[in-house]
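Letters A, B and C mark the chains in the order given here, with residues in each chain numbered from 1 onward.
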Amino acid sequence: MRYIVRRVGQAVITILSVIVLTFLLVRSLPGGPMDYLRAQLMQNRTGRQVSMAELQSLAREYMNLHPGEPIWVQLYYYVSSFLQGDLGQSIWFGEPVSSIIVKAAPWTLFLLTTSIILTFGIGIVLGAVMAYKEGSWFDTSSTVVSMFLNSVPYFVAALLFVYVISIQFSMLPQSGNVAPGLEASFSLTYIGSILEHAILPIASLVVTGFGGIALGMRGNAVKEIGEEYIRVAHLRGISSRRIAIRYVGRNAVLPLYTQFMISIGFMFGGSVILEQIFAYPGLGNYLLTGITARDYPLMMGIFIIITAAVVLCILFADLTYSKIDPRVSTGSGESY
Amino acid sequence: MQAETKHKFDVDDPIFEVRNASVTFDMERGESKVMDSIDIDVDRGEILGVVGESGSGKSMFASALLDAVPKPGVLSGEIQYYPEDGEPVDLLDQSESEIKEIRWEEISMVFQGAMSSFNPTMTIGDHFEETLQAHGRDISEGMEYADELLSELYLEADQVLGSYPHELSGGMKQRALLALSLLLEPEVLVMDEPTAALDLLMQRSIIELIRDIGEERDLTIVFITHDLPLVANLADRIGVLYAFEFVEVGPAYDILTDSKHPYTRALLNSTPNLDTPREEMRPIEGKSPDPVNVPAGCSYHPRCPLSDENCVQNDPPFQSDDGDTDHQAKCHYIEQTRREIPLNLQEVEYSE
Amino acid sequence: MSETNETFTSGSSTEQQTARSRRSLYRERLDRYVLTPLRVIWNDWRTRLGTLIILFYILVGTVGVHYISEPQIGGPRLAGIFEAPGYPLGTNNLGEGLMSSLVHATPPMLKMITAGAVFATGIAVALGTVSGYKGGRVDTVLSTLIDIAMTVPGLPLIILLVVTFQPTNPFVIGIVLSINSWAGLARNIRSQVLELRDNSYIEASRIMGRSTGGIVYDDILPNIMPFVLISFVNTARAVIFGSVGLYYLGILQTPENNWGIMLNNAYSAGGALYSWDSLYWIVLPMATIVLLSFGLVLFSQGTERLFNPRIRARHAETIDETSPMEE
């Protein structure tokens, strides 16, 4: 019980520190957000001077910043409005940041969830088979292939896929999340179009990712197979099939858990570049736009949301881990 | 030369007849023979202690009795098993499914590492149920019997069955493992250093338990250890292993008080004892042989104070210089052995 | 304790004995710490190949840059591989030789990798060891810190930092890029240290009165070396991927060359993806990136054998199996 409290507390601290961090970062930007805002506004409303008061009210509106007040107060306003769901207004898109996030998040989540499931699914199965056939040519060649694919950065793979499959062979669309103009519905065409557009981005992540998992799984499984209780189980007459699944498989998967958690964070980060390449309207893409357009509210909002998502996922995984691995008591907290 | 007795070492009702059993491993530097043409009989219902140093091949012998020598080792020879009712069976001749019916149902095994004999992610109870299922037994009946077994071993059945291996102490795990091996009511129990990782008190109590259970259920027990004094109080007969073969076999009392082989005597002399003064403690000089490179002739000759040309050239057969065919040793000079190598035991404690 | 009988030896031969034993001590040290690992590395095809690849890159980055001149505009444009004389790997749309671009992008990349890996590993070892060894309050605070560092998603944070501070020094960039990867290693080290701390041989060292530093150096460090090496390699890969990605996106700017920039140029300016002809332009930097990563992966896969003492013993020559080094 104490462990749960501790972990949740940790998660809360993490999210809060990220909020504070972004807040401070923004304030330390060259020129500061105030000047920037002024410059932006001056660009938009040519010729007109912007008064300090107007600037301040705009700042409050767009970014929940209260310039002129002591820093602690500013921080307080920022955090409190954030927690109330008000993330400010996007300068570039002219919409509330929160609505942009609500629009974009499902797409990113869709891509990432599918990618992680596939990567780990394929990786674990492949790793198990490799361990079973240890030393065979299948094992050696799979090892080399896995290592090689793992050395390719996912965006390199993405570019290559786009090149070969989209442009040269025109088999799959190059960008977007769905064919333009299609009505959102549960119809087969709509869903089919979504899938079509999702294959390449997902493939980039999965093809470059499964190798690492497979190699890890293989190593774990090989170690498991050498364990004494496997021999005892065999002598007890337990079927090879059950040994493979319940003894070797189950126990070999457990250490992959840390990798799983790292992958969650990694993939959220990876979505930034990936969505840019595929012009996929997800969180990563908007984040990038926010950065290049110096749209601070958008930038900060998405960054904080992404972090919060990762933290929550990891927290959830952490708390449920003890259900799977009985060696970990929720009291010790030393789960990885 | 002694006459070929029908049963080795005067065993009347053998449950095992091992003839010319060897285990070889093919290694880069040569062929490694970790069991060297062993002949021995095991009497039904007896407790046979098999004693040897680390690396003398005793674990191989244990595995061989279940035809479970780890790959890539190759077991050759003949091991006849005589079940209580039914035809004698050559273990090495059995198919995979046939031997599965013998293992654990007729011949069971308890390993040294109780720490690592259980799957860490399964409860003890799961292991029991799983074993019952694999052998097609009725689960509820089987688990009732398991409860009985555990209580006999002074374990709280509900608590133990519901626990995971890491939640139990070493002694509890060892006893749970013992119960698991008895679950299918086997005839034979092969125990490979079952008490090695336990403290002395626990060791003693488990030995007692083993003896009681063995008597009650009429088990044949093959108890393998490096600890000669430990098995002294338990075994009916003792076989001494050296360099991957038996060098002396006989009734326990005889072996302890009147052993015929120089190695056995040296082993007894080297056993530390609280009463023995330090100067009299004598380790055995030299190292045990490398399985790829066993000395020709008598395998013990490099370390034996009595060895001569004869010993270097000729491998001694089993013999007994006083006609006791139940107590024999592989030595050319049994009589001299008794003279030349006195035993420094203050007293021999032996209880019936 | 053995007592040497020195009745018949004179003073000078005792000195000789000490001198001889010191020499053999050095030889044993050399063999144990340098030659044996080298022999094990050479023996396993994975580490052998990986090391060769890595050495090749280092060579190109240090020595090669002197032999191959900097890329200059003005050469024949968009020449394919082996098409134009003097430009074996072709040129881009500005006539810069691709080979010289690739080569000259290597030193900054190497600097980034070194800086990042050293930084990440150093911090991880320091924090992990202290946290595990000290325990208590210190441990709780440090673990929380490590956890936070681990869960904050790397790339967005790095992008934010880069945009805010606009670093141009490759060493600094390397450090920024590895800001996330030290956390995993720190965690591993911490659990290892926690385990080891209660080990009997460490307690024995403590009873013998060895200094904490001595204990850490002799008892703890060798056990965490496998993790350190693997993490070193992983950080290197993270730096490579991160830097290339960021340069490709244009978030990191540098007037110098970089494989990521080459990718960017090839993609946008050259439309390399749209025709078979200019394919080499984008594939070459890709291949360079993949090859270096592959070398690193190979190396790390093979190093597991390096830390298996039985395998080391097989390859050692002066070491007698169980003897400690004489002091």
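Descriptive notes on the structure:
Everything below uses one rule, namely that a residue touches a chain if its C-beta (ideal position, glycine included) is under 8 Å from a C-beta of that chain, and two chains touch if they have at least 3 such contacts.
Predicted model, so just to flag it, every value in this text is computed and none were measured.
Taking the mean Cα position of each chain as its centre, A sits at the greatest distance from chain B.
Core chain by CA centroid proximity to the global CA centroid: C. With centres defined as mean CA coordinates, chain B is found 58 Å away from chain A. With each centre defined as the average position of its C-alpha atoms, the distance from chain B to chain C rounds to 51 Å.
Look at where the CA atoms of chain A average out and do the same for chain C: the two points lie 26 Å apart. In chain B, no residue touches at least two other chains. Note for the complex: chain A touches chain B at residues 227-229, 231-239, 242, 246-247, 250-251, 254, 325-327. Contact residues of chain B toward chain A in the complex are 66, 68, 70, 100, 103-105, 109, 111, 113, 116-123, 127, 130-131, 134-135, 164, 166, 180.
Those residues of chain A lying in contact with chain C across their complex are 10-11, 13-14, 17-18, 22, 25, 28-29, 143, 147-148, 150-153, 155-156, 159-160, 162-163, 167-168, 215, 219, 258, 261-262, 265-266, 268-270, 272-273, 276, 287-288, 291-292, 299, 302-303, 306-307, 310-311, 314, 334, 336.
By the touch criterion stated above, chain C contacts chain A in their complex at residues 144, 147-148, 150-157, 159-161, 163-164, 180, 184, 187, 191, 194, 237, 240-241, 244-245, 248-251, 263, 267, 273-274, 276, 279, 282, 286, 289-291, 293-294, 296-298, 301, 304.
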